[in-house]
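To keep things simple, chains are lettered A, B and C as they appear, and every chain counts its residues starting from 1.
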Amino acid sequence: MASARIEAIALEKSFPGRPLFADVSFALDRGVLAIVGPNGSGKTTLVKILAGLLTPTAGTVRVERDGRLLSAEERRSAVGWSGPDLAFYPELTARENLDFFGRVAGRPASFEDIRSLLGGVGLAEAGGPVEHFSTGMKQRLRIAFAFLLRPDVVLLDEPLSGVDADGRRAVAALVADAARTMPVVLAATAREELPDATEVLEFAGRNTGQGKRYK
Amino acid sequence: MSERRPGFFSRAWAVCAKDAAQELRRRVAIASIFFFAATALALVSYAVGPFGLPPEARSRLDASLLWVILFFSAATSLPRAFVREEETGTGLGLRKVAPGVVVLAGKALFNFLLFLAIAVLSVPAFSVLLEWQVRSPAGLAAVVLLGGWGLSIVSTFLSALVARAGQRNVLFLDVSIPLLVPLLMPAIAATIQASEGAVDGTPLRVLAAYDGAATCAAYLLAAVAWED
Amino acid sequence: MKLLKLLLLPFMGAVVAAAFLWPEPAKGFLGESSRIVFFHVPCAWTAALAFLVAAGYSVAWLVKRQPHFDEVAEAAVRLGLLFSVLTLVTGSLFAKIMWGSYWNWDPRESSYLLLVFLYSAYLFLRAAVDDPERRARIGSAYAVFAAVLMPFLVFVAPRVTASLHPQTVINPQGKILMDTPTRTVFFTALAAFTALFFWMLEIQSRLARLDRERAKSARGGAG
């Protein structure tokens, strides 16, 4: 089993006339880091930077597997991510969506793997195109997407948003299972919305530019 | 033991196959493209007919009309390659798992196959309706293949740029037409030669050079155009 | 540098005067119309040069990501647009004299019209994007892509189709078809227009940098 580590070093992000955060640093080998803060505090932006979807204004993100620094291309599959603005192809089914993303990532998943993944988020019986999915079902599919490429690090932004009690239990179980062997980063507006976290990073609010860290 | 991972072309093919699956399921978009081509053909045939053009100008005008029909039929779908990904929000997931060059190649391939489908149906119909003779079918095939690829790669790349900006449909026509005219001019010249049976190869070489330059530039700039 | 700028005005003046006073009108052209070559061709050359400069600075921005390079690229495109329009105007005047109409959809004429559209498109594309980083990235990608395809527009496509345009300086025989006085004034005019372009480019990019620094100060040094 590979050991992974994610490290943020002095991350800063600002847009013209709008500094978002500065000097955010942490390192995680395994367990759960929860990022909490109000709307607009920069949580989603930070998670996207960690996922490689956005470039920081300053600072670095390092992802290591077995002590080796991963390249940007390797991080695409090594870092699993889901966020509230992740959408799926409405004409395709859940299985077809995941199958497509696996193929285009160069890591096709077998029929059984996808079925197991969908079962893990409670979508085993969900048929039909995604355009007919409810909000909660789409959110569960987002979680499945994050775990699709057998990642070494998982980032989940607002993982329980719109999900019912059954779904919350399923997601919490997935997170707990993953956190035993890999770093998991979760983001939400309130700590209560997240499964148990080993560490917490608090974003204080708009334009304060600082993240506080406490356990 | 490391598992054998799919290569670049397999990944690009996955993008092409997904776009095809979406279009075939939606059907409205594909139908509208072919309906546009059929309408344009019908209008041209009605207005000009097989004997409406002076004989000395026929090969030049027929070639131009054919490319007008092919280009504008394709133009109803070409901008949508990347624009739709941004509009539906699926671009984010795609950007997460694949580099821009893989996605660009897959979408360009889909656009190329769509263009060929339009050409396969339109060219024979054009030939019948306007009594247009092609003395060098091989020459015509070459120009459709080369012209189609150039059209696809340039339009797909520009669609990636326009997708990250606003006012997408209007913007696409503004940015694409100046870059596509140097493709259409030799394409029409080569089509004239193919219909007259006097293929000297110059316009085909220009097309091949254009396609090569555009493909290399799109390959090198793909990541810049689409990723953040 | 300041001395060179001060000398540019009399230099241009001398070129303009020489263009009208020194070489004899060329054979095969109506009246004095051949003198347009001393203005029309340098404008066309400068328009093409501007786009190459824009592409070069766009590549520099893509590599270094410094705002100054993007500012120079945009300034070069704006000047390229100006000189393209001047090319069309001078070319149209010549066309009216020689062929009786301002516009003939001649392939060479039309290629510069398309160049105007091409770089207007660059400015439209930039105007549609709010974020400066993304605007610079999209603009740079388009400028480089367009520069790769530009030779087909300006040099290749007009040669594939028949044209009314006179034999160009860069011609298939590889010979410069001009007498000595004409050749002297012509190449001097090319140098003068090139100097004018770089002078205007320096002013435009300096203005853009001042605007950026003022905006940064207004925000209190952030962003």
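Structural remarks
Everything below uses one rule, namely that a residue touches a chain if its C-beta (ideal position, glycine included) is under 8 Å from a C-beta of that chain, and two chains touch if they have at least 3 such contacts.
None of these values were measured; they are calculated from a predicted model.
Among the remaining chains, C is positioned farthest from subunit A, on the basis of C-alpha centroids. Here the chain at the heart of the shown protein, by mean C-alpha position, is B.
Our note on geometry: subunit B versus subunit C, Cα centroid distance of 31 Å, whole angstroms. We define each chain's centre as the mean of its Cα atoms; on that basis subunit A and subunit C are separated by 49 Å. Between the Cα centres of subunit A and subunit B there is a gap of 38 Å. Contacts with at least two other chains are made by residues 228 of subunit B.
Shown for subunit A are the residues that touch two or more other chains, of which there are none.
Shared interface positions of subunit C, defined as residues touching 2 or more other chains, are absent. Of all residues in subunit B, those touching subunit A in their complex are 5-7, 10-11, 14-15, 18, 21-22, 25-26, 88-90, 92-99, 102-103, 106, 228.
Of all residues in subunit B, only 154, 157-158, 161-162, 164-167, 171, 174-175, 177-179, 181-183, 185-186, 189, 202-203, 206, 209-210, 213-214, 216-218, 221, 224-225, 228 touch subunit C in the complex they form.
Interface of subunit A with subunit B (complex): residues 51-55, 73, 76-77, 81, 83, 85-92, 96, 100-101, 103-108, 129, 145, 149.
Taken together, the subunit C residues at the contact with subunit B in this complex read 62, 107, 110, 114-115, 117-118, 120-122, 124-125, 128-129, 134, 137-138, 140-142, 144-146, 148-149, 152-153, 156-157, 160-161.
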